[in-house]
Every structure is written in C-alpha cells, then in structure tokens.
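Next come two complexes built around chain A: one with chain B, the other with chain C.
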Partner chain A sequence: MLGLEKKDTSLLIVVAILTMCAPFILNPFPTDSAMAQFNAGYPDLMQRFVIFGIFAIGFNILFGLTGYLSFGHAAFLGIGSYSAVWMFKLLGYNILPGIFLSVITSGLFALLIGYISLRRSGIYFSILTLAFAQMSFALAYSVLTPLTNGETGLQVYNSDPQYFHSDAMPNIPHLFGQEMQSTFKLSMGGWSFDFNTGYYICALIMLVMFYLAIRIFRSPFGLMLKAIKTNQTRLNYTGLNSRPYTLAAFVISGMYAGLAGGLMASMDPLAGAERMQWTASGEVVLMTILGGAGTLIGPVLGAGFIKYFENIFSKINDTVLHQWFAFLPDGIEDFLIAIVHPFVGKGWHLTLGLMFMAIVIFLPGGLVEGGQKIARKFRGGKAKDTTATTDSTPAE
Partner chain B sequence: MDVIILQLLNGLDKGSAYALIALGLTLIFGTLGVVNFAHGALFMLGAFCAVTLQRILSLSFETIDPTKTDFLGNPAKIKTPYVESWFGPELGSSIIDWSVPLAILFAIPIMIGIGYIMERGLIKHFYKRPHADQILVTFGLAIVIQEVIKQFYGANPIPTPAPDMFKGSFDFGTLLGFDPNAVIYPYWRLVYFFFAALIIAAVFGFLQFTTFGMVVRAGMADRETVGLLGINIDRRFTIMFGIAAAVAGLAGVMYAPINSPNYHMGMDFLVLSFVVVVVGGMGSLPGAVLAGFLLGILESFSSMNQIKQILPGIDQIIIYLVAIIILLVRPRGLMGRKGVMED
Partner chain C sequence: MAILEIKNVGKRFGGLQALSDVNLSVAENTVHAIIGPNGAGKSTLLNCLVGKLIPDTGSVTFQGQSLLGRKPYQINQMGVSRVFQTPEIFAELTVFENVMIPCFAARDGSFQLNALAAVRGQGDIKDTAEAILEDVKLLDKRHMTASSMSRGDKRRLEMAMCLVQEPKLLLLDEPTAGMARADTNNTIDLLKEIKEKRDITMAIIEHDMHVVFSMAERITVLAQGTPLVEDTPENIKGHPKVREAYLGEAQV
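Now for the complex of A and B:
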C-alpha cells in the first residue's frame, strides 16, 4: 500500500491507530481516582508528544542514517517558531502560511549551516553545529532583538498588521476558522477524554512525515545514506561524492525541525530564544538515542517516553509520595521518601541524566533494541524448549 | 592605548579559564582519545570545592553572652566558628578569610580521585565505542553531576569572596605612566592569571622533564608500541585523566571569587572550551593554551564600546565566528598535529 512493503505498511497503520486513539489510550484512569495523575491525555501534552515526534523523526534521518551527530538542531526548531510567529503577525492567525514559511526558512538555514559544517565530519561536525546553534541563540537572544524581541520572546500584539485577518476569524491560531485550542470533552462514566483540534492536526502532519521518513529509509537515497554511515571512505574510493547526499539529509532533517517549530508556535503563538539553546539540541539527541537511532519507530517512542516522564515525574511531589507510602510504618515511610525525593519533582533532570547514561551504556540501540532482545529471548526460549523435547523424544 | 591595555587585561582572566579547561580537555583527548563532555562539570565541581571548604571552615557554635542583648531584649547569641576557638580569633579568622586559596589543597586530591573513578568506572568502557557514544555518555554524566550539585547547593549562585588582601583593584595605569584610574584591574584577576600560568607551566614541565611525562608523551604518539615495550600505559593514562580533572577543578576553585558558582557554570564554559580546543587544534596542548588566551582577549576586545557601535552584539558571537572561519580555512586548527582526527 502507498508504495510500502507489507511490514512498513502495518507499522504505519499501527502508528496511525495509536495516534488517532491517543486521547483514549493516554487516559486509562478515571479522572477522580488516585491514578489520574498518570493520565497524559490532555491536549497540551499530547501536542508535545507528536511535535517532538516530528522533530526526532527528522533528526533521525540525519543521525540515524548518516551517523553525523548534530548538536545544534534546536536552532532550526527556533527558526521555525520565529518564522511562524512572524507570519501570524503579518498575515493573521491562519496557521498554514506560518507552517509553510517555517519549513522554507529552516530549510534555507539548514542549507547554509549544512554546507559549511558538512565539510568536516565526526567530532568536528558536532562542534561546528554546536557553534552555529549557540551563535544563533546569542543572535536571537540579544543581537537581533528587532526581529526576535530578545528575552521577552516574539508574540503577536494587537497593533500588528495581520493583513488577512477579518473579524469573523478567531483571534487565536486557527486553520480556516477551526481554532487550535478548541477541545471536545467526552465524559463516559468516571472517565473523560479530550479531543483537541490542534492535536489532531499535528498528529496528521506527523503521520505524513512518518510516511515520508519510511519512504526515505527505503529509497536508494536512504541506502546511500546508510552506506555513508557504514564506511564513508570506501564510498569515496568508489568515485562517489557523498557530500550532496549528506547535505540533502541535513536539509531534510532541518526542515523537519522547522516544521516542528512552526507547529509549536501554532499551538501556542510565542517563540523564545531558549528553544534554540544547546541543551534543547541535547534533548532531541536523547530522544532519538533513547528510542533507537536508525530505526523507524524509535524516535517517536523516545520523544513520547521522555515527554511523558518529564511531565509525570515533575508532577510528583512530597505530598504525593506520602500518599503512596502511607501504608508503611512512619520511619520506613520517611526513609523511602527521603530516598525517592531527589529523583522526582524538580529533580527530574537527575533521573533523565541517569536514564540517558544507562541507555547509552547498556542499550546503545535504545528501546527498540531492548524490545527486540526481549522478544528474541522469549522466542529463543521457546525454540530451545522445542529442541529439548525433540531431543528427548528419541531417547524414550 | 590605555583602553587597549585594559581590554587586554580583561581578556586575560577569561582566557586563563578557557586555556585551563581546554588544556584538560586536550590532555584527555590526546591520551585517551575520548571526547569528554563532562569536563565543564569538573570545572564546576572545583568551584564547589571552594564553596564547601568555606562552609566547613565557617561551621560555628553558639554561645550566649549575658552582657549583651539583642533588639528583643533576649540575651544575645554569638556565633563563634570552631576554627576561631581552636586557633584563637586572629589566626582562625584569617584561615576563614583565606579559604579559597586553601581550597586548592583541598581540591587537588578530591578532583584527582573523581577523575580516577570516572575513568575507571565509566570512560574505560568507551574506548572502543564510537565518538558519538563517548559524547553522549559524558553528556549524560554532566547532567547527572550538575543535578546532584543542584540538589545539595540549590540553584542560586553562591558568593565566595576572595581573601581581604586581594579585594579591591590595582591601578595598573600609573605603572605605565597613564593617568590614574585609567587602567584599573581587580587584584584577584591578576592572581588568577598568574595562577593559571603557573598551572600551565607545571603541566608542561611535568610532561617535558619527568620520566612519567616522557612515557605519557610517547604513549600519546604511539600507544601500541609503548604498550609492547612492557609499559603499563593504561595506568599512566588513568593518572593523566586524574591530572586533567584536577586542572579543571583548580581552574574552578580560583574562578569562584570572580563569578559566584552556580550549578550550570560548567555547561556555559564547556561549549566555549570545545570551541577553544578545536581552534587550537585537536590534541595539541600548546594550541589549546594559545587559543584559550587568544579567544579570551578577542572576546574582551569585541565587547569594547567603540567596536560595539559599529557591529552591535559582536561580542556574543565572535568566538563562534572565529571558530567557524578557522575550521574552514585551517581544518586542523592553529597548531593541530597531522593524523589526529583527520577523518
């Protein structure tokens, strides 16, 4: 279907079903139960899942396929956000031109930065992209204040022209009148589910982008990128110039990042420089590695995983912990809380760092590899059992 | 002229910090071939060694002085640091006053220990892994160290004053015959510069004039051959990692009075130090030092008002711009050796 192999088609369908039913899947607990804090089905978080999913899918096209580790991808996210907000300011709140421009501008910037950075490889490439990203951050934060509104962040004011804005249109981001914020609440018994327009638009775009990524992975172009990762020297010796391919991969992944930035601005029309800081670039690297670099579904998983735990872990505070451990004797309860306390709430980054190290050390292939290993173990165990029985039968 | 000298001096202290961190990074890269993203965290740990020693020394007990009363009419409580009660008030208070220089002694064993544990416990397992993995695992480690420090010391910067003797500024201009107050430079920054120069000289001397240093240099050039000669090069490299950690830590200790330590100061310095290493040439120790001072001075010159009027904001991006230009024009960096990371 759609020019995909059978396996990929079923993967795409599974992802499509999961994203479309996400409001149900992410809200498994009744709203007034104690477990409700583990629900992730509210619009803001679901939007972040898919937006960062797009970002990570794009990053994976560069890092997973070619092995070039860019430490400055957040710059494109920021550029995308700024261009989308500028479109809101100039043309009006319809998100289409904003998203369109954010993809174009981030693509242009990626072309420029990639053209320069890709002349070097390995660690030099990482540091060059890092330098470019920090430079864009510094530019956005202070130097280009007329364009980016500096520390305050770029936002839409009433005095902005908004040429295509009419009074019939809502005064918040919308798609031909459909407000991004509008949410349909469905209550069923103790459960309540949120269906948010913005989420579904982001999810549809993510599905298209995911489909595109599968096509890139399976295309001859994707194979060429994989060859670059495996052995670039040999590729060069065969008389091939690999730079156009890496540059194309860099621009594509930059455009993905720009799209994610544009969508982010469409959900919440505000763009700040801190989105471009190198720790933000580190985050997308983390998502990709955590899920599994070079795999199709990995980055999406990683993005969802990190955003979910960021949200849940940072919400757990001491009161919640006391509720959990209330059944224990007081001394043990306080002791356990003292141990858990540094890892939750504000200390969530500590857990993140530890998790990240553990993944890189023990599971370089990420969650996907972990899942495959477990699956193989189950299958391998069964296979062994059958051989054992067949071996033992003749003896009897 | 006086303006130029002032900027030159201003560049020196930042340049010294860059040079020291870049020196440690290059030592690690040159010996072990590992790209250490946690080096900024080591710098930050050094600064927090100074904070910790200051806190330990100012630990005090309370006594009630019945002759005085506080504003509520209760007998006043007087805090006396233990150090003062042990060594007498004069010596005790000057010990507390000198806690930052004293922290050097305190930090050296701690930082060497941390470096040793880091190398044996973590980095050792990453020699054969790709550079990307090394970057990622040390990046994760940096996050962890940073967050642990945040748990213990909070998120706010902690002022760590220098000894009273070095407070205030030094009128450098009168020495050179300029008007008084034309070139004013804080004493502590001067101390920092000389300290950095001393450390750099010590590291170079150690590598150049001791047998240990000779073996390490031989190992940097050809690890395999040195190993075949029956020398346990791994052990020496581990010690070099400890020394590199100590260099970063000492840079941090002495930097504490210049900039109050906070938990993310390491990350701020790390990116710049990497740029410094690349500009100087990967694996070249003199290159790292040279590039550190050069970029520090360049940064301070570009923050001059006269230059800012022509190119606003240039001071924020100058280092990155220079790094990009150098990498494109001289890919090996200023003093890079042939064959190091040439892929």
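Now for the complex of A and C:
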C-alpha cells in the first residue's frame, strides 16, 4: 500500500491508530483518582509529543542513516518558529503560510550550514554544527533583535499589519477558521478526554512526515546514506560522491526541524531564542538515541518518552509524595520521601539521566531494541544470532 | 595497446623519495603484476593511480585521459575499480545491499536524489546483483550481514562489488595478504575465472610469488621507488637484478 512493503505499511497503520486514539490512550486514569497525574492526554502535551516526534524523525534521517551527529539542529527549530511568527505578523493567523515559510527558510539555512559543516566528519562536524547553532542563538538573542525581538521573544502585536486578516477570522492561530486551541471535551463516567484541533493537525502532519521517512529509508538514496555510515572509503571507490548525499540528508532533516518549529509557533504564537540553545539540540540527540537511532519508530518513541518524563515526572512534588506514602508510619514515610525526593519534581532530570545511562549500556539499540528483545522472548526464545535477526525484525 | 600509462611519476614524503621516475604501461586485457620488497613503493604507486595521492611529477593516463587531480569516485566512474588489502565492504549492510550499491553507482552516476523511489522496485538492479552473486557463489548468503561472513567470503563480496560495475581496469592490492594457502588458491581460481569470462585488465600488487607466477602475464619489479625490470614471468624468475633486490647485495 502507498508504495510500501507490507511490514512498513503495518507499522504506519499502527502509528496512525496510536496517534489518532492518543487522547484515549494517554488518559487511562479517571480524573479524580490518585493516578490522574500520570495522565498525559492534555492538548499542550499531546501537541508536544507529535511536534518533537517530527523533529526526531527528521534528525534520525541525518544521524540514524549517515551517522553524522549534528549538535545544532535546534537552530533550525528556532528558525522555523521565527519564520512562522513573522508570517502571522505580516499575513495573518492562518498557519499554512507560516508552516510553508518555516520549512523553506530552515531548508536554506541547512543548505548553508551543511555545506560548510560537512567538509568535516566525526567530532569536528558535531562541533561545527554546535558552533553554528550557538551563533544563531547569540544572534537571535542580541544583534538580530529587530528580527527576533531579542529576550522578549517574537510575538504578534495588535499593531502588526496582518494583511490578510479579516474580522471573520479568529484572532489566534487557525487553519481556515479552525482554531488551534479549540478543544472538544468528552466526559465518560470518571474519565475525561480532550480532542484538540491543533493536536490533530500536528498528528496528521507527523503521519505524513513519518510516511516520507519510511520512503526515504527504503529508497536507493536511503541505502546510500546507510552506506556512508558503514564505510565511506568503499563508497568513494564505488564511484559515489558522499558529499551531496550527506548534504541532501542534512537539508532534509533541517527542513523537518523547521517544520517542527513552525508547528510549535502555530500552536503557541511565540518564538524565543532559547529554542535554539544547545540544550535543545542535545534533547533531540537524546530522543533519537533513547528510542533507537537508525530505526523508523525509535525517534518517535524517544520523543514521547522524554516529553512524558519532562511533563509528568516534574509535577510529582512532596505533597503528592506525602499522599502516596500516607499509609506508612510517619518515620518511614519521611524517610522514603527523602529518598524519592531528588528523583522527582525538579529532580526529574536525574531519573531521566539514570534511565538514559541504563538504556545506552544495556540496550544500545534503544527502546526499539528492548521491544525486539521482549518480542523475541514471547515468540518462544528463538535465540538466534542477533546480527542476522535485527535486520529482519518487523519493529524496525 | 596500453590501457594505463604511467610516465615519469615521482612522489616524495618529506625526506623520503617514495617513487622516482616510474614508467610503466599496462596492456589491455592482460594481468600485470607489480612486485617488490617491502617499502619499494608499490602501495604509493597504487594510491597515485586511484586519486588518493597526487604524484609530484609525471603523468598517469587511463585510456588516453589523465587521472591526475581526479577524485577516487571520478576515477571509478571512468572504469577503474580497486580491491583493498583488507576487504573494504559495507559491513553493517546485507550482502545483497552491498552489491546493489555499486549497481546504482554504475547506473545512476555519482549522485542521484531518488529519495522516494523504492529499492525493491528496481528490477534491473536486482537482476544484475543476483547474477554477480551467483558468479562469486554468494547468492545463498545474500541476506547475511556482511560483517558476519568469513574473510574469504568478504573478499569474494568485494570482488563482486567491483566486477558488477564492469570496470575496464581492476586494481588489486595484495588480494591474498594474510590468507591461508587454501584461501589463496581459491582467490586465484576466482580471479582466473573472472579473467576468462570478461574483457578486463588487472593490475596486481602482491608479495606472494605463488600468486604472481600463477596469474601474471607481465611482471614489473619495483625496488626503492623505481622499476627495476619488466618482463614475462619466465624471465623474471631467474633475473639476477630481481634476486639482488629481494635478497640484498650480500649475495654478490
């Protein structure tokens, strides 16, 4: 179907079902239960899941296929956001022109940065991309204030022209009148589910981008990118020039990042320089490695995993802990809370860091490898030679 | 007729004159061996042919076109393939993918942005790849990851990757280095088979005299960066200058 192999089609369908049913899947607990804080089905967070999913899918096309580790991809995310907000300021709140421009500008920047950075490989390439991203951040923060509005962040003011804005249209980001913020709430018994327009638009775009990524993975172009990762010497002596291939991959992944940035601004029409900072670049690296670099679904899983932790674990504060351990005698309760305290709430990074270490050490292939191992156990412990089986497992 | 012409080539690395005044021509459809003791400049010469090194002086022409200043991928596109001392293959990919990549390179040139075409939809590539794997007897291993194969099979695979592009000139850099006698003989048989089936010129750099004398039609002996003598295998065997180069002057 759609020019895909059978196993890829089923993967796409599974992802489609999961994203479309996300409001149900992410809200498994009744709203007034003690577990309700583990519910992740609110619009903001769901949007972030899919937007960072797009970012990571694109990053994986570069890092997962060619092995070139860019440490500056957040620059494209930021460029995408600024472009989108400028479109809102100049043309109006319809998100289409903004998204379109964000992909174009980030693609152009990726062409420039990639052309220079790809003259080197390995650690030098990473450092070059990092340097570019930090320069972009510094520029956006200070020198380019007329374009980026500096520290305050770029936003839409009433005095902005918005040439195509009409009074019939909502005064917040929309797609032909459909407001991004509008949410339909469905209450069933103790449960409540949010269906948000912005989320569904982002999710549909993510599905299209995921589909494109599958096509790229299975194309001759994708095969050449994998060849670059495993042996550039042989590639050069096979009559292939690796530079245009890596540059094309860099631009494609830059455009994915720009699209993610544009969508971010479309959900919340504000763009700040901190979106370009190196921590944001590092985050997408973590997502990709955590989920499984070079696999199709890995980056999406990684993005979901990290965003879930960031938003859910960070909300578990001492009051919540007291509720959980209330049934214990006072002394033990305080003792347990003292132990758990550094790992939750503001300390969620600690938990994430430990899990990241555990995954990198025990599952170098990321969550996808973990899933494959479990699947193999269930299928009856066919402990065959791993290198041969990982290539044919459907989870990829 | 000479397919490869090397004239007055010299190369210096700092204080070391690695090659000086090398003149050599490889005739079309022959197997030409380049032998010589360690440090004679054999590998340097080879690297000058494929674009990895640029000679300081002299010229290298392939079918009348200069190779100097061209990149390895451009030289390959002209019809020169290289087999390495340790097989250079795409270790993490399957055997079949390994062979498909040179097929694409031969068909589409050095770069093609076909990001939305499906690999498995390329019938012609699949057929050529299968045919060459059949030739080198790797067809039943095509779904294996290349890194998990034996050294001999890797060598076969690398050979297949070069041959599938139908090069006019195949450069072999010690193709049997570090191999057991049985593997060496298999490689010789494979190369002979290849030679029988197609019009191809081979230039072999080799240490192992057994390989050289069972294959080569012409032999050039290189010593201290310059060709000592060039002749047929029969004449090379007893040549006093060759003995001297290999065994040193103590003999005299």
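Basically, the second predicted complex is superposed on the first by the 378 of 396 C-alpha atoms of A that agree within 3 Å, B and C clash if a C-alpha of one lies under 4 Å from a C-alpha of the other, contacts with A are read in each partner's own complex, and residues count from 1 in each chain.
By definition in this document, contacts are C-beta pairs under 8 Å (C-beta built on N, C-alpha and C of every residue); 3 or more make two chains touch, one makes a residue touch a chain.
Since we're looking at a predicted model, the values are computed, not measured.
Colleague: Is A:N236 touching the first partner chain B, the second partner chain C, both, or neither of them?
Modeller: The answer is second: A:N236 touches chain C but not chain B.
Colleague: Is A:A248 touching the first partner chain B, the second partner chain C, both, or neither of them?
Modeller: The answer is second: A:A248 touches chain C but not chain B.
Colleague: Who does A:L91 touch here: chain B (first), chain C (second), both, or neither?
Modeller: In the superposed model, A:L91 contacts neither chain B nor chain C.
Colleague: Under the stated touch criterion, which partner chain does A:I51 make contact with: chain B (first), chain C (second), both, or neither?
Modeller: In the superposition, A:I51 contacts neither chain B nor chain C.
Colleague: Regarding the shared-chain residue A:L301, is it in contact with chain B (first), chain C (second), both, or neither?
Modeller: neither
Colleague: Determine, under the contact definition given at the top, whether A:G222 touches first (chain B), second (chain C), both, or neither.
Modeller: It touches chain C, and chain B stays clear.
Colleague: Examine A:M206 and indicate which partner it touches, taking first as chain B and second as chain C; both and neither are also allowed.
Modeller: neither
Colleague: Just to be sure I follow: which residues of chain A are touched by chain B in one complex and then by chain C in the other one?
Modeller: 233
Colleague: Would you tell me which residues of chain A are touching chain B in their complex?
Modeller: Touching chain B from chain A are residues 67, 69, 71, 116, 119-124, 126-128, 130-132, 134-135, 138-139, 141-144, 232-233, 278-279, 282, 285, 289, 342, 347, 349-350, 352-354, 356-357, 360-361, 364.
Colleague: Would you tell me which residues of chain B are touching chain A in their complex?
Modeller: Residues of chain B touching chain A: 35, 122, 125, 129-133, 135-137, 139-144, 146-148, 150-151, 267, 271, 274-275, 278, 282, 312-313, 316-317, 320-321, 323-324, 327-328, 331, 341, 343.
Colleague: How about chain A: which of its residues touch chain C in the complex?
Modeller: 3-5, 212, 215-216, 218-224, 226-227, 229-231, 233-241, 244-245, 248, 252, 385, 387-388, 391-392
Colleague: Going by the contact rule set out above, which residues of chain C touch chain A in the complex?
Modeller: Listed in rising order, the residues are 50, 71-73, 76-77, 81-82, 84, 88-94, 97, 100-102, 104-106, 108-122, 143-145, 147-148, 161, 165.
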